[in-house]
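Shared between the two complexes below is chain A, which has chain B as its partner in the first and chain C in the second.
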Partner chain A sequence: MFEMMQRIRELSVQSLVYLAALLVSAIFIWILSDLVRGGIAHLSWEFLTESPRDAGRAGGIASILVSTILILLVALVTAIPLAWATAVLLAEFIPITSLFGKVVRFSLYVLAGVPSIVFGLFGNAFFSIYLGLGFSILSGGLTLACMLLPILTATAEAGLRAVPDNYRLSSAALGMTRTAALIHLIVPAAAPALVAGLLIGIGRALAETAALLFTSGYVDRMPGSLLDSGRALALHIFDLSMNVPGGDAPAFAAALILVSLLLCINILAMKLAYDLQRRKMMI
Partner chain B sequence: MNTNRDAFTLGPLESGPACCVPQPIIQVKNLSLRYGDKIALDNVTLDVFKGCITALIGPSGCGKTSFLSAINRLTDLIPGCSINGRILINGQDIHAANNNVQALRRNIGMVFQKPTPFPLSVRRNLSLPLNEHGVIKKSEVAAIIEQVLQDVGLWGEVCDRLDTPALSLSGGQQQRLCIARALALNPEILLMDEPCSALDPIASGVVEDLINRLQGRYTIVIVTHNLAQARRIANYAAFFWVRERTGQLIEFGRCQHIFESPNHELTAAFVNGHRG
Partner chain C sequence: MRNHGQISLIIAGLLWLLAGAVDAASQRLILTGSSTVAPLVGEMARRFESQFPGVRIDVQTGGSSRGINDVRKGIADIGMVSRQLKQNENDLYAFTIALDGISLIVHADSPIVSLSKTQIADMFTGQITHWSVVGGTDARITVVNKAEGRSTLELLLDYLELKNSEIKPHIIIGDNAQGIKTVAGNRNAIGYLSIGAAEYEVKRGAPIRLLALDGVQASVKNIHNGSFPLSRPLNLVTASEPQGLIRQFIAFAQSSQVHDLIKSQYFVPVDAD
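The block that comes next holds the complex of A and B.
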């Protein structure tokens, strides 16, 4: 009787976890197939190489892609050095109990909880108006950078802290400086965590609409410089599906491109991290 | 009695003049060490003699590891750890403002209880610290690598796989690699914190033989829980004890003296295995 009960419990737990996992992958496959079904017909080489015409109903998304990549690059180039330097300070140079560290961590924590529309308003007020950057890729990228700071810093700090302390102690005992240990041992060991955080950040940045609406704007022409307005891909999808009658097919196609872009970036970054670790470290 | 042992001690305490005048290389004066409010070591005064092996013995938690880390200022890295008193090395205060801590640590090798090779190749484990200390010429680095691997008896075992990960070596090989890594910087002093305790008896024997061969060339301070080992290899022994959760140095002297005719009854009880 008791054994029977145990068997049942065992089986039900097992089937539950399998079911949950199945459901999760089903959702993913469902979304993907929906995108493919809705967008594949509209997809073509021209879709990637032409700029949108007729509010996006015709033409392609070339200018949108260029703007998206530029916004992303501006955001990453600004956010990564700031975030990772802060993480190094928090994890390596000051004790976890330090007041300054606590203040920094708390501000990042609060920043992480701020809704993106608020970042958009801030970016508009500060970068676009106060700094006079207007509606531009630069404003949008810098606003995104502010949004990415908390996630990039937190993941990097956690990654650095996860590196075993004996690397620090034994390298110090050999008279190596902290910087040398950081460059040769600690950062390579933390590389996968850094890249994982970066990927989450890129995902957020590519998905962002609200923070960009008032900063990089929604001009769908090919940007001539970073000071031109440029429409991000996610914003384009939103616009097509909400404001443009008959824009569903290009919206689906654009969404398909967005998802493939994310996938490519993921695979690329993972490979990079793996190579870096293989070359620097022997694990 | 093991007759062989006399080869490693400075000889009988009473009879005849010493063969040489012991020359202190590390002078610890009134050292107190705290972690926050907790006093881990209280007022330790001790000289370590040049070219000799000094064993630190005592029960767990009496501050042996803390004592070692104070000597190469590894305690600087431990948050909340503070030190009172003076430590002189070759007459120089290690806390003096003009003292370069990297140079100090280069001169004092340290081997930890658990082998701590870097997750790099065998070769890189040895070349990285050398490079960081300005030894960059490839031929010079290669020569030092071969030399120290010979010294620790690892050359024959790893000479054809210098580019494999150090973590793929066995525990005993890893520990000898760590010793080699310390020796590569040509230190005067070696601090060893229970270097054999994570090893099987055979590997432990190999490392012990190695320590024996290093005697004379280096000044060695070794922590060990293996009293027989301390007795076999050390010239001097320091017995630490923990009283009211505070570590103290109870007795310091010639190894033979500590083990055979200690002054203090705590020492006698400990070395005879009654306590600790």
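The block that comes next holds the complex of A and C.
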């Protein structure tokens, strides 16, 4: 009797876990199939190579893709060195109990909880108006960089902490300097975590609408420089579905492109991390 | 070798930035404001740029209030405002470039074709709860309201002389497309949206009907001749008497050269015939 009860309990827990996992992937597949159904008819080579016309109902998204990628690059180039350097400091150079580390960590937690529209208003006030960058890809990218800092730092710190202390002790025993151990051993060992954090950050940056509305702006022209205003892809999708009657089909198509872009970046980044780890550690 | 490549890439990037800074010195206009007007003005700007090479017009959004704010602060040259200016905004100069109207909509199967202002006000405040009171079937009315901050909501409240807190909605929606889907999927719903967008959706076969208001048919024609009561002007505003390029662009936006653009965004030109 007791055994019977136990087996039933075991089975039901197992099936609940499976059900939850199935539900998670079902949501993803549902969204994806919805996007494909709504957008596939509107997709064409011209959609990728032309600039939008007629408020986005005709033409393509070439200029918007370029702006999006430029904004993302500015954000990453600014945020990655700052975030990863901070993570190295927090994980490697100061004890976990130090007051300074606590202050830094606390400010990052607060930053992580700030809604993106607040970043947008801050970016508008600071980068666009105070620093005089105006509505530009540069101020949009820098605003995004502020948003990415907590994500990149927290994931990188956790990744570095997950590297076993044996590595540090053995490298010290071999007479390696701390820097050398960091570059050749610990960072490569933590690479998957760094890349995972990077991917979350890129995902958040590509999906960002509110923070970019007031910073990189709404102009859908092909950007001529980083000081031009350029509309991000997520903002374009938002605008098509909210403000443009008859903009549904191009909005679906643009969303499909956004998701595919995200998938491509994910695959590429995972491959890079794998290669780095193998080159550095498996020789 | 690899390092050389990287360095030259960085230098190229810096040069590009500088080139941009120089480029930015050419004639440039910045517009901010209403997200309803922005797609239209964006198209106007594109045509204006193609006629006057060397001019760059950047159109930004953020809502009518932002447009007014930015013009006052001098951040924007021209603001876009999708309503009449208020009493305390008399310091600004407004130029109407197009009109927009709002229509009450019901499902196409509904027998109702016209409602009066008081009937609508009673429905939206929950005093009339069944369609039978106004000559329909004995079904409960589903009131579809817009979310706070939408200028169509402001305009309707203004017309009905109500506050948003007095409205008892069953469904609150964001954009026009959502409004159409909600009403098309519910035979007992009543909602409202921009007439241009509604007429376009009816043409595309959406099962909705535009209601006449106090006997006046909700149509682009009646907005234009001024007989339809629920309409709003789409304005460009400036902080001072417009000069030079600003004046040129406003004149362009009010000219008949852009009427096709206004119509293709489902708005109504001011002096078209």
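Convention: the second predicted complex is superposed on the first by the 282 of 283 C-alpha atoms of A that agree within 3 Å, B and C clash if a C-alpha of one lies under 4 Å from a C-alpha of the other, contacts with A are read in each partner's own complex, and residues count from 1 in each chain.
We take it that a residue touches a chain if its C-beta (ideal position, glycine included) is under 8 Å from a C-beta of that chain, and two chains touch if they have at least 3 such contacts.
Quantities reported herein were computed from a predicted structural model and do not represent experimental measurements.
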Simultaneous placement of chain C and chain B on chain A, clash or fit: fit
Partner chain in contact with A:G59 - chain B first, chain C second, else both or neither: neither
Contacts of A:G246 with chain B and chain C, given as first, second, both or neither: second
Partner chain(s) touched by A:Y218 [first = chain B, second = chain C, both, neither]: second
Touched partner set for A:P95, first chain B, second chain C, both or neither: first
Touched partner set for A:G201, first chain B, second chain C, both or neither: neither
Touched partner set for A:A172, first chain B, second chain C, both or neither: first
Chain B versus chain C as contact partner of A:S229, first or second or both or neither: second
Minimum distance between Cα atoms of chain B and chain C in the superposition (Å): 22
Contacting residues of chain B [partner chain A, same complex]: 72, 74, 77, 79-80, 101-106, 109-110, 112, 114, 116, 118-121, 124, 128-129, 132-133, 164-167, 178, 181-182, 185
Sites on chain C touched by chain A in the complex: 16-17, 19-21, 23-24, 30, 35-36, 38-40, 42-43, 46, 56, 58-62, 75, 174-177, 194, 196-197, 200-201, 204, 264-266
Chain B-touching residues of chain A, taken from the complex the two chains share: 95-97, 166-177, 180, 184-185, 189, 280-283
Chain C contact footprint on chain A (complex, rising order): 53-56, 129, 134-135, 213-214, 217-221, 224-229, 239, 241-246, 248
